[in-house]
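To keep things simple, chains are lettered A, B and C as they appear, and every chain counts its residues starting from 1.
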Amino acid sequence: MKRQLFVLFSLLLAAALVLTACPGAQPAAPAQPAAPQQPAQPAAPAAANPKADAAAAKGLTELANAYKGMYKGTVVTMTGPFTDEDAVRFDNSVKEFEQETGIDIQYTGSKEFEASITVRVQAGDVPDIVDFPQPGLLGTFARQGKVIPAATLVPESWLKQNYLQSWLDMATMPGADGKPAMYGVWHRFNAKSLVWYPKDNFDAAGYKIPTTWDELLALQDEIVADGDTPWCIGIESGAATGWPATDWTEDLMLRTTSVENYDKWVAGELPFSSPEVKRAIETFAKIWNDDRMVYGGRAKIVTTFFGDAPTPMFEDPPKCWLHRQGNFITAFFPQGVQYGKDYGVFYLPPVDPAYGKPFLVAGDIMAAFRDRPEIRAVMQFFSTGEGIKGWLAAGGALGMQKDVDLAWYGSDLERDIAALVNQATAVRFDASDLMPGEVGAGSFWREMTSYFSGAVDLDTALAEIDKSWPR
Amino acid sequence: MTAQAVSRKKHGVSWGQVFVNVTLILLVLIWTIPTIGLLISSFRTRFDIQTSGWWTVFPHRDWVTVEEFQPGPEVDRDGVMNLAGAQGTFEEFRAGITLPDGRRVLWIGNKRIGRVAVQERQWVMNTNFTLENYQEVLGGKTFEVKQPDGSTITVQGSDFSSAFINSLIVTLPATVIPILIAAFAAYGFAWMKFPGRRLLFTMVVALLVVPLQIALVPILKDYVRLNLNGTFLGIWLAHTGFGLPLATYLLFNYISSLPRDILESAFIDGASHFTIFTRLILPLSVPALASFAIFQFLWVWNDYLVALIFIGASPDSQVLTQRIAEMVGSRGNDWHLLTAGAFVSMLLPLIVFFSLQRFFVRGLLAGSVKG
Amino acid sequence: MDEFTETTVQRHAPIEAREVKPRGPLDWMATNLGRILIALFVPIVTFLVLYWGFQFLRASQAPKGVIAIVAIVWGVGGVALLYVVANWLVEQLGDAWRSRLQPFVFVGPAIAILFWYLAFPTVRTFYLSLLDRNAQNFVGLANYQAVFTDRNMFIAFRNNVLLWIPFGALFTVVFGLLVAVLADRSRYERLAKSLIFMPMAISMVGAGVIWNMIYAVNPNIGMLNAIYTSLTGNQPVAWKAASEIAPWNNLFLIVVMIWLQTGFAMTIFSAAIKGIPTELMEAGRVDGANEVQIFFRIMLPYIRGTVITVTTTVIIFTLKIFDVVQVMTGGQFGTQVIATQFYRELFTNQNSGYGSAIAIVLLIAVLPVMVYNLKQFSEREAF
């Protein structure tokens, strides 16, 4: 008996030994390029450093000092929700900065970001800088007084100079004392008011890109008359099922009412059951609830994974012709499809010319939980176009900093999208990301899903959302 | 016992054997189908997984296009059309018109850029298999990153060996330590008298239901204070703490059901509790220890959240589950890699199960019946 | 019965004989002058060794394989060593103190860890449940009032108590027992058990991928709909999401849980069945009982304790069920359960007061199971 027990333990140990003996077990390949880089040259005299001078001219003292090599050997830890390819691109985009300043930026991304950052902030184990994909979550920590106000880290005058006011407004939230202040620096964004289409087939069929809502409706009817379904729509996304429906709602809100009403709606002053919100939803629900308009019919909308939704567009010939989604959706397109040939993109047309050409966006905001000179330098770096330049070249991000040059974009697609955003008359952030979690990441998704799955009618769904708003 | 009784018994056994095996095979089959589906999917490309069922890799009857042509502009798409020997409207052709010889004529696409296919029912197999999913999971992804100056550099994502070792370092002690502690406690609850015994046992059962998420913040706080954060000891203890209620409860069930007279006679012979425990109870509890070892091993091996909180997600300390979760991409765009990832990560638990299965043996208690 | 007792004594006599020798040196030491010195010295050395190991592990730049082995030996060996040393210390004391303290050597470490890792956090959670969403102001029982009036929580309770426990727990236990009993009589025992066990080894995300494929609406991908549409000719059904079959769409998630957890029940039942003395069953057969009677009259009573344990454990699993729901539907389409609501409040909604209250309610929900177990426990006699 004792022998068997012994065998049990030695078995486990033996497994470990065998694995250790594997060549793969040697710590030879730490593949992430995160190793601290020594600066290429010793700290040069301050005078001969153009980057330091440029930063100093903008009033970015710590950034200038960093370029002079004053923070060499320091470490700034970061965390955020992006991993995998995006993490590689981020590492790549700060590589040059790390080499020139000697500051080591250690980024670790994680899935389950919400849970892990909540636990770590509350337990006092938070990294220096955190990348938040939603200002809402940041707002919670700002209210608890855990976040350093952005103006302490980056001169406010520079922020005002380098960002549109609407971005600064979106970074402003109440702190522990209840007074509103900016609590983060915007780093990158993605554009949402976009419609994707299978370009070569679209052209071959002789369809025209619509520039007004009526033209869009006419195009739909044309496609239906030709025997196809115009739209590919899918809103399934596991725990987040329903969010694409909230994006449509926001896009139509911006197109059927004023931005002032949109802002009121975000703030909870304009209820969901108001005629404005209802009209916005009904405008696109006319499309969604029509089995002739949606590939697979209305029933499939709530059960199609949002990433799989555009796939039928790339079959030959296409099974659907239009797909409204943010620019990240290209990551889900079948391998090998090319922009300009297999697919194209246009701006979701305005409904009422009175409301101009608004653009719906979402983005990542950097917030600091500690205040050290090198952290200031990194935050100041992120507030400049230089801070996003490497990522723009690699693709997968758009920069909202005013000193971003369109030529920096590594792909035609993103350059074209950035140009579309530049033409916008107003930019508004994804409302569901700004609303309290109960609504923006809860009842709004849930009730839209219930409505489009046919479980409840629109009035009931909207009333439920209003009820869940925390007062 | 008469000969009649013996023959009846034999008869019953053979029929029983058939019944046992048939039921078992049926159950096993139902249980295995999803796993087989996952296994097959892990060898298919993302596009194939999205567009056709995994069972199409088996021979089945399906329509196969034998002839295809582009209908000319002279064909009136809004009226009745004559195509490939069939006659009908656009809608009828889209649904497929069956010819007298069993073939069907199908319009693919819309009126503007459609084409007409003549199809035949044939036996087909979808055998477009790939090893790419496994290559990416085992060897790491390759990223091509374009630089501001227009050049492209290639970054090789970390392969899975380091995550595998990390998982092992975390899992082995996090399996053995709670079993050891729980076995002592289970023996204490089962066979020792001490004040507060009932109350403490109630607590063990009650704590079974506590969701571990509530413990993350206070424990991490303590770890930061004790400088235990990010250490292996920290995560072993965490898994020990979270696994202990169930371990104690299950082992208590087993150890308390051991025949009382075995212990009694050992006491009469002058053995101490410690001796009885190490020399008698532990060896007799091998099946229970082994079965709990399997579960604890699995839970820790497949854990994501506890590892994320207590040892972080940096590339050189991350465990296998984190590695695989990361592979699906920032937006879950590479979810098809989970199929291969699931099999890679399930290999070791299965080996553990197979090797520990031999401890589920009959007859450890042979010769001693509850009396 | 006499016969059995006799065998027992015979079987274990050698153990006792071996035991006498190691006690010799201890006794000798106990009478020696160095006794006190050693009693101090041993724990100090133990502590130093363990501490040194910890420091080595933290600071070491050694290859990962070396660290792995040192870590495993240090961790597992360290714990074993602590028990041996603690027990040794207690055994140095007089009989009265020894019998008083020894139980705590056995259960003490477990209790200490349970307090640290679960009991104190539970108390803290209770405290938080009386505060508001930012844990700043005292709000009394308002969160509990909210828990019991929230429509979503009502659905979650219904799903947990009326669907998951009756269907999920029942079928898991029944299938687990069935497979364990059948496999025990089959030549293919190992294979069958391994295949039933396999789902347990699949990570939840992997299981989510395959079950989402099985339930997919598109009959080209979804196996269930492929079968359903070809058999009935009906339109495909959104099994997880369809509002027309609510609340029975929960059953499709419960199937996933049964598929995953039957291996758990089977393994424990199997171990218990192996412990049934063959003599007992042979005796039953000789008396002319058929296999069904043997199962109900001999096996089931014999493994009664195990049945209670497994049922308790599986009921608690189903009460705590989280990952299946989170991965399959995220708690949408009326499939939310207590644990997904808890997770959502705590992390997504950042409402620590409300989330904590849900966790405490979960604890109260398990009271009946606890009381039953305690009754079983009280009937025990110890030494």
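The working rule: a contact is a pair of C-beta atoms (placed from the backbone, for glycine too) under 8 Å apart; a residue touches a chain by one contact, two chains touch by 3 or more.
Since the structure is predicted, the reported quantities are computational estimates derived from the model, not experimental observations.
Peer 1: Please identify which chain has its centre, taken as the mean of its CA atoms, farthest from the centre of chain B.
Peer 2: A
Peer 1: Which two chains does the highest number of contacting C-beta pairs join?
Peer 2: So the pair of chains linked by the most contacts is B-C.
Peer 1: Closest chain to the protein's overall Cα mean, using per-chain Cα means, please.
Peer 2: B
Peer 1: I'd like to verify one number: the distance from the centre of chain B to the centre of chain C, where each centre is the average of its C-alpha atoms, in whole angstrom.
Peer 2: That gives a centre separation of 17 Å.
Peer 1: Whole-Å distance, chain A centre to chain C centre, using C-alpha means?
Peer 2: Each chain's C-alpha centroid was found; their separation is 39 Å.
Peer 1: Quick one: chain A and chain B, Cα centre-to-centre, how many Å?
Peer 2: Each chain reduced to its C-alpha mean, chain A and chain B end up 32 Å apart.
Peer 1: Listing for chain C: what residues touch at least two other chains?
Peer 2: Answer for chain C, listing residues that touch two or more other chains: 64-65, 68, 72, 76, 343, 346.
Peer 1: Mind pulling the chain A residues that touch 2 or more other chains?
Peer 2: In chain A, the residues touching two or more other chains are 9, 12-13, 16, 19-20, 25, 27, 115.
Peer 1: Tell me, which residues of chain B touch at least two other chains?
Peer 2: 50-51, 162, 165, 168, 172, 176, 213, 217-218, 279, 290, 325, 335, 364
Peer 1: Quick check: in the complex, which residue numbers of chain A touch chain C?
Peer 2: 9, 12-13, 16-17, 19-21, 25-27, 114-115, 118, 137, 140, 143-144, 237-242, 296, 299-300, 302-304, 436-438, 441-442, 445-446, 449-450, 453-455, 470
Peer 1: Under the touch definition given earlier, write down the residues of chain C that touch chain A in their complex.
Peer 2: Those in contact with chain A are residues 63-66, 68-69, 72-73, 76, 133-134, 216-218, 235, 238, 240-243, 246, 326-334, 340, 343-344, 346-351.
Peer 1: Please output the residues of chain B touching chain A within their complex, sorted ascending.
Peer 2: Those residues of chain B that touch chain A are 46-47, 50-51, 90-91, 94, 108-115, 140-141, 143, 145-148, 150, 153, 155-159, 161-162, 164-165, 168, 172, 175-176, 213, 216-218, 220-221, 223-224, 229, 279, 282-284, 286, 289-290, 293, 304-305, 308-309, 312-316, 322, 325-335, 348, 351, 355-356, 359, 364.
Peer 1: Taking the touch rule as given, give the residues of chain A at its contact with chain B in the complex, in rising order.
Peer 2: 1-2, 4-5, 8-9, 11-13, 15-16, 19-20, 22, 24-25, 27, 29-34, 81-89, 92, 106, 108-112, 115-116, 119-120, 122-125, 201, 204-206, 223, 225-228, 307-308, 311, 315, 317-318, 328, 331-332, 334-335, 389-390, 392-395, 408, 410
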